[in-house]
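Letters A, B and C mark the chains in the order given here, with residues in each chain numbered from 1 onward.
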Amino acid sequence: MHNIRFTLLALVAAVVTFAVARLIDNAYVFFAGYVVLQYVVLATAWNILGGYTGYVNFGTAAFFALGAYTSVVLHKTVPLLPLPVMMLLGGMISGIIGLGMGYLTLRLRGTYFSIATLAMAVVAQTLITNWNFVGGSRGAYIIRPAESPLFAGDYIQYLFVIMLLLSVISVSIARAIQHSRLGYGFSAIRDDELAAEASGVPTLRLKLIATTISGGLMGMAGAPLPYYVTYLDPASGFSLSYAINTIAMPLIGGTATWFGPVIGAILLGTLQQLATVTISSALSLLLVGLLLVGFVIAAPKGIVGWLSR
Amino acid sequence: MDLSFDLLGNALVSGLLLGGFYAAVTIGVSISFGMLDIVNIAHPAFVILGSYTAYIANSVFGFDPILASIVLLPAFYLLGVAIYHVYDVSFERRGDASIRGLAFFFGILFITEVTLVLVFGVDYRLVDAPYIGPSLHIGVIDLPLRLLIPCLVSLALIGTLQLFMSYTFVGRAVQAVAQDPMALRLMAADPSRIKRIAFGLSIASASIAGAILIVIQPVEPSIARDYIGRIFAICVMGGLESFGGMVIAAMILGIMESLTSTFYGPSWSPAVAFGFLLLTLAIRPAGLFGRR
Amino acid sequence: MSNVLLTVAGLGKRFGGFVALSEVALQIVEGERLGLIGPNGSGKSTLVNCLCGTLHNDSGQVTFGGRKLNGLSAHQRTRLGIARSFQLPRPFPTLTLAENVRVPILYTANIKRGRVVADPRQRCEELLDLVGLLPKANDKPADLTQIEMRKLELARAMASEPRLLIADEAMAGLSHQEVNDILALLMKLNGQGVTIIMIEHIMRAVLAFSQRLVVLVAGRKIADGSPQDVIRQPDVVAAYLGS
């Protein structure tokens, strides 16, 4: 019941957000808002694995880009497919890769797992770079439709709404997990896997659930990307800045709760959008790096831990 | 047939030389990750920093890049000491080095890279030295000095560090510090100080590794990332325990990449390093030459 | 006629060339209090790990409540009713005491026999009250003393409603009075019908507690019988005092 009420509240918040954005009536608001929301999804998805179970994934970009490239393939083969269906398929592909990553946890803990995720990202990037059907290293152009298929407005507004809904879904999932049996199991795994097993927690199954949900949501967040950027190449799809942002946001916001990644993504995402416009995109990335380092040193529990002190 | 045999021979030799160079890039991580248990994934960024300092010394002042990097060793050492100090105070002493320590170095990697982009832009930079260009010829085999000199410098660097680790008190203390800090304390050696020195040395090695990198190929800030996989692949394959195992692993990887690049094209070579790393991790996490 | 709860037959475990356990055989009946002793490195902890599924034995068979355990993972064995406390307490440090105890309630007691603990919160309180930690229910494990940590370990083990509890050196490093506290607690649990294996170095505690004593030396069982008989056995004396 609590979960349904929360999702309804989140939906109301989403409707209000969209209404406000429409009132401002400036295309830039939708372009910038889309990126911030995309990071809400990515940070939340990362945290389900990294924050809840303690397995640090450096390969966010791979899951994200695989979702995006699934859309590129679908766009070329089944062009009339509605975007939400593409997102589901992209999410499935990334979810399956996530499941595979989960099996790595059988043998790899801590740092070794993190390095393996990074390696996986590079292997995926190399495969895409050498796959001519999706443009290889030259990249692929996607024509963005002019009009939203659902309501009167620009297509970017449609993308914004889609990402808004995905945010609501992701955050609801993360919150539901946190307060459920699954959440307790995840925490137990993060704290001590051996003791978790001894307490009856099926650790492997739970880790597989975490990696699959986390990877799947990242893939779904990536699926609309080709329509947003209209030109996608491996270097930008697999950009390391996705990985750094999705790690920085939960760590800055706080990894223990669903709320930390959300607040981290909104703050850092908005800050970056502003910095990109007013200063430069390189400087805005520098800002992320500095904030990440500053926060892990000075505020181990992030903004949430800081507020609740 | 003749042609492909020449191709194969040359690919093997240049792979071997390339591997020798990879060993220089990896030695720093062999020390920090292998001996100190510090996951410095920012190491490649320091190597690139080394490339840029060598570049400035060469293009602005006209110095030889490799000699300049040796002169710059103390500066890199101090940089390493400073970073270790922050790491020690913020993470190790709080007993919370894992996730946040990793994020710390990930942040440092990013900051270094973006700063280099802001200062130098994303254009490729290269250096000028008499050994860039000419080659020795032995039969059908080409030995480009551009690869041979870096390989020799790398082996000299590793040999020196090996001597230091084996024959000095500090060196032996470094090897012991990860296993048994308590025993060290009983010997009146401060583990923090030992680790600081070792980490300083690991970053110092990046100065030389960076200089030979920019001798081998033009450099731009983001190529640091390509080396993360290589370095950790080599480290893990080598087994984290000896420099010798690491050098062999580096050469195996160099040869594999060179063969891939010659016969399938350079765009496939990153997949070799990382694919090999994934396989090693999945099958034998203790490394090919590890004893554990 | 008492029911056999656990049967260990021909159990063997090697680490590389080192033989940690060899041909260990052992039976425990329902409700029994068994003491397991042996010098350091005699294989006690390896035996516990093989029983609990943390390690897998190379040879032999463990049967629990009529069910063969080979191949079952640790959490499956916990769900069948084998609980353990760790030699060095391993609490979940980011969870409160109540949450620490809640994990096995959610993952074991709730799953066994397809039923649901009516009110997990109330059950948490009962368990913490049983070991005297109720006032600290909302504290984190870092705030506990040594003995409180051991008690939490036992409360968490009990939360899975085990039929067999393996207490692995639950008293090491505790004071005289604290040993008595834990001893009383274990007797109370046994009184509620839980079979208990106690692994311990403190002879006073083992002798006070055990109905039967098993001695492991260098991975082999060298004695099995009533405590008074076993501690007079010459090879046991030799193993403990040096021959």
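By our rule, a residue touches a chain if its C-beta (ideal position, glycine included) is under 8 Å from a C-beta of that chain, and two chains touch if they have at least 3 such contacts.
All values derive from a computational prediction rather than experimental measurement.
Participant: Going by C-alpha centres, which chain would you call the most central?
Facilitator: So the chain nearest the centre of the shown protein is A.
Participant: Where is the C-beta contact count highest, in terms of which two chains?
Facilitator: Going pair by pair, the biggest contact count turns up for A-B.
Participant: Which chain is most remote from chain B in terms of Cα centres?
Facilitator: C
Participant: Please report how many Å separate the Cα centroid of chain A from that of chain C, as a whole number.
Facilitator: Centre-to-centre distance between chain A and chain C: 43 Å.
Participant: Roughly how far is chain B from chain C, centre to centre by C-alpha average, rounded to an integer in Å?
Facilitator: Whole-Å distance between the two chain centres: 48.
Participant: Would you mind pulling out the distance in Å between where the CA atoms of chain A average out and where those of chain B do?
Facilitator: Chain A and chain B have C-alpha centres separated by 32 Å.
Participant: Can you name the residues of chain A that touch chain C in the complex?
Facilitator: 181, 184-185, 187-188, 190-192, 194-204, 256
Participant: Can you list the chain A residues touching chain B in their complex?
Facilitator: That would be residues 50, 54, 56, 58, 104, 107-108, 110-112, 114-116, 118-120, 122-123, 125-127, 129-130, 137, 240, 244, 247-248, 251, 255, 282-283, 285-286, 288-290, 292-293, 296-297, 300 of chain A.
Participant: List the residues on chain C that touch chain A in their complex, please.
Facilitator: Residues in contact with chain A: 52-54, 73-76, 78-79, 83-84, 86, 90-95, 99, 102-104, 106-108, 110-111, 156-157, 159-160.
Participant: In their shared complex, at which residues does chain B touch chain A?
Facilitator: Chain B reaches chain A through residues 39, 41, 86, 90, 94, 96, 98-100, 102-104, 106-108, 110-111, 114-115, 117-118, 222, 225, 228-229, 232-233, 236, 267-268, 270-271, 273-275, 277-278, 281-282, 285.
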